[in-house]
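A quick write-up on the structure given underneath.
For clarity, chains are labelled A, B, C and D in written order, and residue numbers in each chain start from 1.
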């Protein structure tokens, strides 16, 4: 069992690590215990968003110095998510997930588990990637002491093939449906790659998958609550039916003992340390029967509209804007919606 | 006293008047009783947004045919607002405000008043425009049987000068501060034009001002509740502190007897017939202390980010996406926020 | 034989017809002799470009008044092209092609021919549309007294299906390849619809095709030089190998007796009355072996980059910026390039 | 006298240094002799373009490894220009200017000179910055053995203040007018800072100035031909009257013995090793009297339109697309135009 702590730092630019490095210098975070870095940057979150590679390099360079390793080696060791696109109210920030000391207690608290494995190039975006993802998620849950019932977030960094159109969607689909099978949400036949990007009714309720083009390593991080976990933190998740599903967000907070009616009060809002969500423009072309134009705007990409919407939805219920909202939500929540996971700190 | 009814129609495109013309054909709306048309289109809402002129022409052409008048003449008679920019979840739609039969009752209900006057070109964006706006708002309130206390929305269509940089801001400032003086929210010296776009602490809590370049007519429409008004409709308003001020929105609904905790239920949501709001990206560069990047994005204009945020805020509390959100909120609500007015139908 | 004259008017906005209506009022252009209107507007030229519908409506309304017809009826009678997107140096303008008096001479000059026919919905984007286009082009050439050798431009307004993804490309392909067969550039089997958008080596050297969603009428206009044509105008065309093919543009001008080395002198430049071209970003991803990024930019659409490039190419050789450049150049010139036609006035 | 050689490498991404590092590994370029690095990346070239900082970091990191220095120290030593924005045909690439062995000859050839000095913060964008720039340019020319007559390019990296609106323009103005005074093109009183961004008739014909926010060092690099220079390279420059000034570009090539009528042949085109130019959208709102819409498009920034235009202009005359075109051309060429410098290799 790996108990973990969660830290959040504001970023004044994609290369601003001042809060993070101060915490490293102060010993608040031990660099060798870091399991994951989640970063929301101010790029466009699309093909030509170089804030991702830039922030990724800056993060790895800062850690490499302290760990006396090559920056490239850290990519394998730490699950790094740099998500571009801080539309609307979304505020760029960094979330650090790091191992915490064993509690010696059997009370439940926040735990993490990780697993990774290289996949054959031919497997990318195919059933085989999904099967391998299923195995990694099971291994990570086992390591974390989590069951499908207690797992609240599955983060998958899926290898994709930039040279093939549509392959990012397929890679995300394989990762999400692989997670759904591991969690018992779907049967094995959901991994059939003919369904990827097509059978939108198949989805995982708590997989956050990103497709990346920097190698063939598939990485998984799971988070949940288990005996022996860090009691200072809690986590919950839910699917969101659409980009205005405020009751869905309030429901997650209610599970965490917080009441948003319509919004958390400032003290409760401060306790929300990490928010991570997926959502695209509703495929139906409408929100509750009313037409949206996010998908037919050739000046502003659909994903930028959708992140602005989901970011404001979350922020308006939670009461602050440090929300990591990401597009490319295929099979990650229902077709017209998405999902969110929220981590709170117990004061 | 002019009792009014409010109708809303979805638009499948900037030139889709099918719902509206069906209501005209069916006699549900009498064309000669129309006081105002509010339209949200899917343009960019910025200088090169031609959906506004297009929808305006299509609307006037449709009415001109029925009223046997020149389309140009209708611009003076009806307060037409075509607001471009349906970012995020915002759904394009048309709102029609039309005179309703006298009730013969002294119970309060929705009323409207209008006033208009040409202003000298030299007055545009100057103290004189503000003074004239004050007079028009007073005249419209008098006509409607409204007092400052019962007036809930002041719509001003302010003439501006496209050839002078910054003049739209000045024209909106003059209209908003002129309304604030008429409503007793600010003293006369708030009209000093040196404050326009500078002293952001001066604002009107319920003025919605647009700057237009099609002549020198300044038009005002006021809405509120007064004895003899249409009891089938209610209206309320409030300022919004920032783009995630869900409690502010819920407060307006509470005044109307509706509870959003965090969101109206479907039946209550359907009763919300019109939502009209103003808001820009917070001038402070932050939302509740957390940096936003809406104002430093050179790919997507600030106003597009801000409308996406305010639109989602309103929709996530109200439960539907037919919200008319507009940028250019100078002196219309607090510097980091804006304001909203909501009209409900009594079932 | 229909001799024609060509007029060009600058446009200060998509609804500015002042130059055109002045010419109508002055009798310079007889409204009932107008065969085609080509308009370049300042929209984005993509799905959500409403300047096209707006300019189209304004043009038809202005003519309907003078012709005492319904505006809608004019769509069938006049081949209207409103092309959005005035990127880079491109200047919005209107070109009018109108019938001129018979010359009574056998000397060659500018002639036009038109043909149109409704197509079944099922034919859109299929071989059948291509075959029908072939027939229309032959009929228009016959009417104009043109042969494949003397035809310089085939304008096709092709019906498409907005509801089916990729259908605009197919509709343009059918129109272009249909023209190529009529011109003897390709054999009948080029109409096989399996090749549409796939076999880029199949193309027409002088077809300008637009896909529109306003009905099922397929319209064709051909221009060329024939005995009895208007000797005051000349026309030539050529394919362009890529977006920097200045020699290709200079070659067209050389056919017209004008020398650009590197640019026409002001007197010669003034003689260029109409320029109409097609071009997309090179499919190979490179221009003469050097990578371009037009197709991987998610902030600015590929077509906007490409029109900026082709517009500047043409303007820098011709010496003025009233060039109608359009994207969606599938099968209209070589895969990495496009084509242009130029009309000059003899002083 | 510092003879120099010029190398150019294509870049497949902002972090692609493969060509450059291969040349370093092969010894073709000695890292300790590098004087300047010019890089054109595929960002938006505006405030939120992080490809610049990213490429800058990657370049300095690669060199720091080989020079055994801190990456930060290299910023002072090497004049690094990372210019974002590869609109239209422009191809991302890297140009390296490096010292070459002394020739021992008195024949003229390519030479460079550099100078740098920190300026007080209060001097930024003021007359004092201009005066200091004048001194640096004189020092760099002296070092290079150049006179005003033989200097062909003055590159200035000017410190600016990101926190003050309009200061980038002022910093570029000071740098450009400072260079103009050093070159004898303008009298000392041109440095009056009241003219910055206002008196557009004051300009330098060969200054390329960028404003940067990474310190207070003002850096100057001059290039020209002088006795003892590298005879393998030649350089020339000229102002461009507008974005379609093909004769202006051809004139530069003619000075270099190359004929473009309208375009260089492939062999001559290959000899053009570096092209560096400045240009904005014409301030008059028109190109040769015809309206452009580059400055009133709120979807695509003016600079992106302008770079697309100048890039295509240069490429269509030169015959290849590795042209470094930059916006922010205040006082760098005439108000409606810009300037270009071209370096050729003697085969």
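Assume contacts are C-beta pairs under 8 Å (C-beta built on N, C-alpha and C of every residue); 3 or more make two chains touch, one makes a residue touch a chain.
Note that the structure is a prediction, hence the values are computed from the model and not measured.
Touching chain C and chain D together: A, B.
Spacing of chain A relative to chain B, judged by their CA centroids, is 39 angstrom.
Separating the CA-averaged centres of chain A and chain C is a span of 49 Å. Look at where the CA atoms of chain B average out and do the same for chain C: the two points lie 42 Å apart. Among the residues of chain B, those touching two or more other chains are numbered 42, 44, 48, 293, 296-297, 299. Taken as a graph of touching chains, this assembly is complete, with every chain in contact with every other.
Against chain C, in their complex, chain B makes its touches with residues 13-15, 42-43, 48, 50-51, 53-54, 57-58, 299.
Residues of chain C that touch chain A in their complex: 44, 46-49, 293, 296-299, 301.
On the side of chain A, the complex with chain B involves touching residues 10, 12, 42, 44, 86-93, 243-247, 249-250, 260-263, 286-288, 290-294, 296-297, 299-300, 304-306, 308-309, 311-313, 315-317, 319-322.
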